[in-house]
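Once you scroll down, you'll see the structures, which are given as structure tokens.
Shared between the two complexes below is chain A, which has chain B as its partner in the first and chain C in the second.
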Partner chain A sequence: MTSPLTTRAEPVTGHRAASAPPAPRPSWWQRHQRALAPYVFLSPFYVLYGLFLLVPIGVGVYLSCTEWAGLGTPRWVGLRNYRDLMSDGSFWTSVRNTSLYVVFTMCVVVPAALLIAQALNARGLRGRDMFRLAYFMPVVISPIVVTLVFGLVFDTEFGLANGLLEAAFGFGGIDWLGDPAWARVTVVILVLWRWTGYLTIFFLAGLQNVPKELYEAAAIDGAGPVRRFWAVTLPSLRPVTAFVAVTVLISTAQIFEEPFLLTQGGPGESTLSVAMFIFRAGFERQQLGYAAAAGVLLFLAVFTLGLLALRALKVGRDQ
Partner chain B sequence: MTAAAIRTEAPRDAGRRRITRGRILLYAFLVSLLIAFALPLLWALSSSFKARADIFSYPPQPLPLPATLENFRGLLDGQPFWSWFMTSTLVAGISTVVSVALCSLAGFAFAKYRFKGKRFLFNLMFSSLAVPFAVIVVPLFIMVAKAHLTTPYFALVVPWVAPAFGIFMMRQYTEQAVPDALIDAARVDGCTEFAVFRRIALPLLRPALGALGVWSFLASYNSLLWPLIVVSDPDDYTLPLGIQALFGATGRQYDLVLAAAMLAAVPSLLVFYLLRKQLLEGLTAGAVKN
Partner chain C sequence: MTDLGRRSLLRGGAGLGLGLLAAPALTACGTANSAPVTSGPVDISLWTHDPGYITTFETAVTEAALTRGSRFDFGVDITNAAPTDIVTRMIAQAVADGDTPDLAGIVIDQFPRVMVPGIAEHLFTDLTETVRPFGDDLAKLAPYTVDGVPYGLDSDNSITVYYYRRDLFDKHGVPEDVETWEELAEHGERLHTDHEISLGMVSTAGNLAIVNGFLQFLLQRGGSLFDEHGEITLPSAEAVEVLEFMARGVRSGFLLALPDPYGSACGAALKSGRLAATAMPNWYNVYGLQANVPDQKGRWRMRTLPRFTGGGHIASTMGGTAFTVLKNKAHSHAALELLRRVYLTREGQLLRYRAGGYLPTLRPLYQDPELLGTKDEFLGQRVFEVYGPAADDLPLFHQDAGMQILAAVLGGPVLDALKGRTSPAAAVEDGLSAYREQVKR
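Entry: the complex of A and B
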């Protein structure tokens, strides 16, 4: 407990040491512990980071230039995997589908979350916590559970969705999971259902941080609710929006569970995502090099898009 | 003076009436959303008490009449549900404890020390958030498989116990929750740096630890893709894997898997409900401050 002589930053301890009975000479560690502490505290993370992130990325880049089915030694093929990917129709289908998911989440889920947050932020709203919890709930539940539920609800013949549609509008019988276009819609509905409430809490927290005086000042200047939203709310929300947009971009670009569990990428390849493409190539078709190459391309795309988004929204600069 | 008071009162009254109409719309909007979010789950809950033949009936029946526990009995008697459950909760429990410890320690270092390379290390940590899992999944699987470490207690835990998101969150929270003066005082009293962290910082970080705890528990408990790849022995199945396999094995019949799904959702919802406040506030702390 007593480390009488430590760094220069603590003159008081020096005084103490003088009055204390002769202490054993502090060890090297005791003398340097303050300077070394942050490195020691961070080391477990960086060890894991190196082993389970940097090394796999390196191995992945190497594998992407090889042909390998998992046995024997990988055979070096240069950039052939990349060339093959460029002319692989399935790969482009998965890129198109993933882009659709990303565009949809950015243009529908994020604004929807903002709208809901705005509604939840209404002054004197009762049951705000209850609403917030209920909206957040879907993201807490295991995706396998969620997709089972959706499979049940969107069953063509007996599902709740068609039943409700028929009761309300007199038509039904939509082949939610069997028709290529509708299957995409269903995946997108699932994404909307799962993630909107999660994003809402970020916007709500952001809205609660907007100083009230700003609104009052705008109201005095005669700004209506719409004008106030554009002039006060949106600019104040920029940091949160940036955070949400970048997170959503990165996570939707690697979307896997929703299409995998709901439609297995089908019918055909109509809901196949890039992450599913990689999974399929690597673990169902044993084309490990090919899968790694697709992974590297996804990485480059996500990284570039993420950086561009960060630049555009100016976050992450001040660390 | 009275005239002025009257004049201000009149428009306020009109405003209040308009607000009431707005309020009704607002609540209608929020309640219909509530229904949209809750209905599928309630529907599944209700269906899990229906007999197999009644799960798909026309027209759809909202209530399980007659209700039966047959699905749950069939699941618990005929399937290794408890084994999946134990693997999942144990793996998630271990991951949570280790990850909370590692992340709070690293977050503390980033929040309260000045050291050489801090900016670089922070950016390095932060940029790992942009590495898609799909990129490292193939090489990581090969590494783990070649090292014969595919047991769930290693493969499902170790690679994931130090998420950058957790460190970022803990750093944000530590910065505002732990006063520098307190740390200095502890140092003056002769605390080692680790003791400063454990005795001074940790107690103050309790809400954030709760948030990170739920977050890691849920992330581990719910994860599917990685377990699907790395776990091959049915004895080692986690809940999502077990349910997935059961669904396939029963020819996509819903009776047993729905019961399993409902039981599997209990721990998630319970953990979430108990620590809801910490989780929602802890998650947003970083995003708002940034």
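Entry: the complex of A and C
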């Protein structure tokens, strides 16, 4: 069956075809416009993502298989840089130090931040804003200033720390920055001082979202403060804790500023972190391929650890 | 025609991205073809970390005595950056065929980075012909020489002398003309026991500072870390002897262990009078003493270093900044001429001394009447009467591309020896084996 519209239209079409030149063939763009439009709108993200993330990663991986001082053509050495890293005592020292920083941060800094947040969240606390400001202050002070002050505080001869120990306990000869073990302690003290307040803000925000009814119900059931903390606060803060733990894990695994500015990785290599090791290889020794190989390993380690932590703590999943 | 799928579009995008990235890389393969400027006005692009050099060059281009007769009408376009950044950015710019400086001031401890094969010879102008007329009159070329080719001219002889508090020496009966370090150490031990005063210092923070402190004594004693061929010369009787001397000094209190010679702890030691003397280069007068204890003006004096009983020199050296001329640039000729006028003429060397206190690198100038008559305001003495003999007996310092590695691996063992955690001989051996292990790669 033919529709009336089609029947009427046919003679007109035929007349035009006979009297006018044929319609120009639509351009490639006109034919694909509709199909391409979404990709064009999305493309800025993909172009930037590719240019500034994927390509550098690819170049980094390529560089890690080369020997390159920065000028000239990189020389392909295959996996030699990785093999050398495996037998490089300095690299393993930096891995051990970084592991120490990570463990300390996870086991001390994160719990300390939670406890401070709990204290700041207490009802009737006077000067709450002042405390918040005080705890948050270290993270906004320039790390240069911080390390200068810490250098003076922990100086063996003229430092405040030894002066206080001398006054309080009668001994004060600790070589904070010159003894390998104490130097590590000093770096972790700096990490504790600098980051605890910052993490406290996250926990504080989480605590303020815990429904008060839960505490009231727990209190009615006879739970004391400690029991309420374990049974109400901690479970309610689980998403925040997981987020904080994962971000802290990832950032501490790449720790650089604190040991670099306070001890320059010393004495010897006792506070050298993996990120510092990479910096040293790349920008002090011009071993860019070697630095890239260490960077790739750090990336893989951080990525794997982060992924495991995300899964273990179920970040971003429904409870 | 097939439909354009998501996969093919993404492939196309990736190709485009790589193409965009490849463009500058391919461009970098070409050579800088700017036509050389041979006369007329020229703005020399200069990168430096030190405000003193900024003053020096800004003044130099306006000094008729320096620029007279030149084909160029010099100006300077200055970029001030951290010492490490100067080298890093210069190399990065060179790779990208970007805007490298015409003249770059490279701090001595950063220079080993460009001694790595393939960098200095590609970046810098060979100064062999420029320095040839001066022969042995020109000092401190050795640290900036790669495979026998000089690439940088140092700004300062960086002569280490002995600064001391004359008032405290008088008060506590320490003769100003003590002949040897060993004799001075006995006075130092007594002063520390009786008054908690030290007559020298060692650095304990940062591997580079620790190694520099050790190197300064080692060079004076006649030892070295590298020879002129870049071979390591650390394992020596002199190295062990010097480290033993330093460790003994720290133990007895004759030498004060401080994180570094500039920071707040050192400032406190100087202010309190606990540090009454120290062996440091000429620039320490301004950056150490005058910066920390300006109120002690007139109380400090300087002299040549006491000798080691076992031999060596009456001076040493630490620090410095070499100026290099980037090659194959439009302004390379002009930059080289400016450098020659400021660094290799009497007028230029006097100007540098006046602008920033940089000691001449041309040896005959230590007998120049104008300099010999110069009285240092802070010390209150004619300093070239001390610098002259010191410059005549200045040890040579050679370095190599592995210097940064050596500093990193030697710092820990040296500190261990200073703190008595290991013996000096073991420290030298540990540093050497760690160095050999790392340079093997």
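In this text, the second predicted complex is superposed on the first by the 267 of 319 C-alpha atoms of A that agree within 3 Å, B and C clash if a C-alpha of one lies under 4 Å from a C-alpha of the other, contacts with A are read in each partner's own complex, and residues count from 1 in each chain.
We adopt the following convention: contacts are C-beta pairs under 8 Å (C-beta built on N, C-alpha and C of every residue); 3 or more make two chains touch, one makes a residue touch a chain.
Everything quoted here is computed from the prediction, not taken from an experiment.
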| item | value |
| --- | --- |
| Which superposed partner A:Ser270 touches (first chain B, second chain C, both, neither) | second |
| Touched partner set for A:Gly163, first chain B, second chain C, both or neither | first |
| Partner chain in contact with A:Ala37 - chain B first, chain C second, else both or neither | first |
| Touched partner set for A:Phe171, first chain B, second chain C, both or neither | neither |
| Which superposed partner A:Gly72 touches (first chain B, second chain C, both, neither) | second |
| Contacts of A:Tyr135 with chain B and chain C, given as first, second, both or neither | first |
| Those residues of chain A which chain B touches in one complex and chain C touches in the other | 35, 39, 46, 51, 55, 70, 148, 151-152, 155, 157-159, 283 |
| Complex interface listing, chain A residues touching chain C | 32, 35-36, 39, 43, 46-47, 50-51, 54-55, 69-72, 84, 88-90, 148, 151-152, 155-159, 175, 177-180, 263-270, 280, 283-287, 290 |
| Chain C to chain A touching residues, read off their complex | 3-4, 6, 9-10, 13-14, 16-18, 20-21, 84, 88, 91-92, 94-95, 113, 116-119, 122-123, 204-208, 210, 256-259, 263-265, 268-269, 274, 401, 404-405, 408-409, 411-413, 415-416, 419, 434, 437-438, 441 |
| Residue ranges of chain A touching chain B (in the complex, touch as defined) | 1-4, 6, 10, 12-13, 16, 30, 33-35, 37-39, 41-42, 44-46, 48-49, 51-53, 55-60, 63, 70, 116, 119-120, 122, 125, 127, 131-138, 140-145, 148-153, 155, 157-160, 163, 166-167, 193, 197, 201-202, 204-206, 209, 239-240, 242-244, 250, 253-254, 256-257, 260-261, 274-275, 278-279, 282-283, 288, 291-292, 295-296, 298-299, 302-303, 306-307, 315-316, 319 |
| Residue numbers on chain B that touch chain A, as the complex places them | 26, 29-30, 33-34, 36-41, 43-44, 47, 55-60, 102-103, 105-106, 108-110, 113, 115, 118-119, 121-126, 128-143, 158-162, 167, 187-188, 190-195, 197, 218, 221-222, 224-225, 229, 239-240, 243-244, 247, 254, 257-258, 261-262, 264-265, 268-269, 272-273, 276, 280-281, 283-288, 290 |
